[in-house]
Amino acid sequence: MKAFLDMGGYAAFIWPAYGVTLAVLVLNIIWARGSLRRALETARRRSASSGGNS
Amino acid sequence: MRWTWFHRLASPPYLYGLAARLTPWFAWPAALLILGGLFAGLVLAPPDYQQGEGFRIIYVHVPSAWMSLMVYVTMGLAAAVGLIWRMKVAHAIAASCAPIGASFTVAALVTGSLWGKPMWGTWWVWDPRLTSELILLFLYLGFMGLRAGFDDTQRADRAGALLAIVGLVNVPIIHYSVIWWNSLHQAPSVLRFGKPTIPGAMLAPLLILLLGFTLFFAALLLVRVRAEILQRERTARWISETLSG
Amino acid sequence: MSITDLPAGVGSALDSAPSLVYAARPAPALDAARLALSRDLVLAFRKRGQLLQPLAFFALVTMLFPLAVSPELSRLRAIAPGVLWVAAMLASLLALEFLFRDDAHDGTLEQYALSGQSLTWLLFAKTIAHWLLTGLPLALMAPFAAMSLGVAASAVPGIVLIMVVGTIALSLIGAIGAALALGMKRSGTLLALLTLPLSLPVLIYGARATELAIAGNSYMAPLELLAALAVLAVTLAPLGAATAVRISLE
């Protein structure tokens, strides 16, 4: 396990590289879902208020 | 009519529903392929005889670089469709592409730099691939900056679309100019990654990851496109019907 | 259609321009473009101060390098191609501000778009006028800047030729960016972000050709590539600029 984490001495480069890529993957999921959630909320509020008016 | 599928795709309510239904079909395979590919790349693939374990950065660098370019091409093509046929949903697709592409361009730059340090001895080398990625990042930033400069979505769509098309025409020109420029100033001692024949055990995880990242992009795009459609069609009747129904 | 039906902007600007005589004769795209070009030249010479700005900027940027790097001519000569091209690129970027702004404000661009004349040709003419007023003077000034950086006089014809070709491409590529930025309130840094990445190939080939010219070698290969870029820009950029202007007028 220790040998695996050490990555033949390249640990300082490999793990940050994988970390950054994973972070970008996860952030993209969060951003995409967040934008959809916000858009849905706005749309719901709008349709609720316009439904009340008409 | 053979083109009916195209016209149906151009209809926002239809695409909205389709995107919602299709998302899991892309998201779950993408998750499986990416996790499996990363495991295979980190554990199963044998170390490289020249670069040792350091070459394993390839499994995150190359898919990120692939994404940065593929997303730009998708964005440019969607923008062209939107501009030529005045198709709203195509503009929604193009607008959704930019932040995804920009984030993976950043990932490609960071992983490239992290790969470069042990291989070249410095964090940054003006290597044609890194330089092209950097320029690509500026193209993405320009696109997003231009869109942000307009208050009106339609004008932002059309102006952004034109820029994306101009960028798409320019990307190959820029890329080959950068390669040409680099070939002049090549320091002979720099270690080059040419096109070595990669053995199958090393190549397989890479192909799995490329496919996984592509599916991941499709899933992200489907989610973002729904948000863009909702925002663009906020006055349309079908939205309140879909939401309440 | 006759010349008298031309866009009001053209007519009104030319009313007091003495050098132009127009008779009622058919005005195909080229004639309209020529009129638009001479109109822009006439207008520009009324505001000479504006014309000098990019040139002064170019000279100023060139002067920064001896102060920042070293007054040694041998060191300056080594960086001269890069200095000249970066300065030229920034100066022409700065000049882009003037390309469409006034005409967008007073409605001339709108008249152009509605005139029934080819907007592509009219904008091509405008861009060429702009190049004659900024790019060409830059190319003619470059030798002086180069010689102040220790470049031998024998390299001067080459430098002028390369600069002429390169600034054409820069002006045309910049026209798309300037047209895109028209609809925005503040566009200073954005214009740079839009145009500079697209004009990087011009910088690469231009600087390389200049480097070869300064060293006294044949610079034909990069110059040909630069000329190819200029030809491509001449063919495609006016189309792009016309589309961008239409978008901004919508």
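First chain written, first letter: the chains are A, B and C, and each begins at residue 1.
Everything below uses one rule, namely that contacts are C-beta pairs under 8 Å (C-beta built on N, C-alpha and C of every residue); 3 or more make two chains touch, one makes a residue touch a chain.
Treat the numbers as computed from the prediction; the structure is a model and nothing was measured.
Novice: Let me check something: if the centre of a chain is the mean of its CA atoms, which chain is farthest from chain B?
Specialist: The chain lying farthest from chain B is C.
Novice: Mind having a look at which chain is the central one, using mean CA positions?
Specialist: B
Novice: From the mean C-alpha coordinate of chain A to that of chain B, what's the distance rounded to whole Å?
Specialist: About 15 Å separates the centre of chain A from that of chain B.
Novice: Just how far, in Å, is the C-alpha centre of chain C from the one of chain A?
Specialist: Computed from C-alpha means, the inter-chain centre distance equals 44 Å.
Novice: Taking each chain's centre as the mean of its CA atoms, how far is chain B from chain C in angstrom?
Specialist: 33
Novice: Which residues, counting only chain A, touch chain B once they are in their complex?
Specialist: 4, 7-10, 13-14, 16-18, 20-21, 24-25, 27-29, 31-33, 35-36, 38-40, 42-44, 46-47, 50-51
Novice: Name, in rising order, each residue of chain C that touches chain B in their complex.
Specialist: So the residues of chain C touching chain B come out as 176, 180-181, 183-185, 187, 190, 193-194, 196-198, 200-201, 204-205, 208, 225, 229, 232, 236, 240, 243-244, 247-248, 250.
Novice: Would you mind writing out the residues of chain B in touch with chain A in their complex?
Specialist: 34, 38, 42-43, 47, 52-54, 56-57, 60-61, 63-64, 99-100, 103-104, 106-107, 110-111, 114-115, 117-118, 216, 220, 223-224, 226-228, 230-231, 234, 239-240, 243-244
Novice: Give every residue of chain B touching chain C within the complex, in rising order.
Specialist: Going through chain B, the ones touching chain C are 83, 135, 138-139, 141-142, 145-146, 149-150, 154-155, 158-159, 162-163, 165-167, 169-170, 173-174, 177-178, 180-181, 184.
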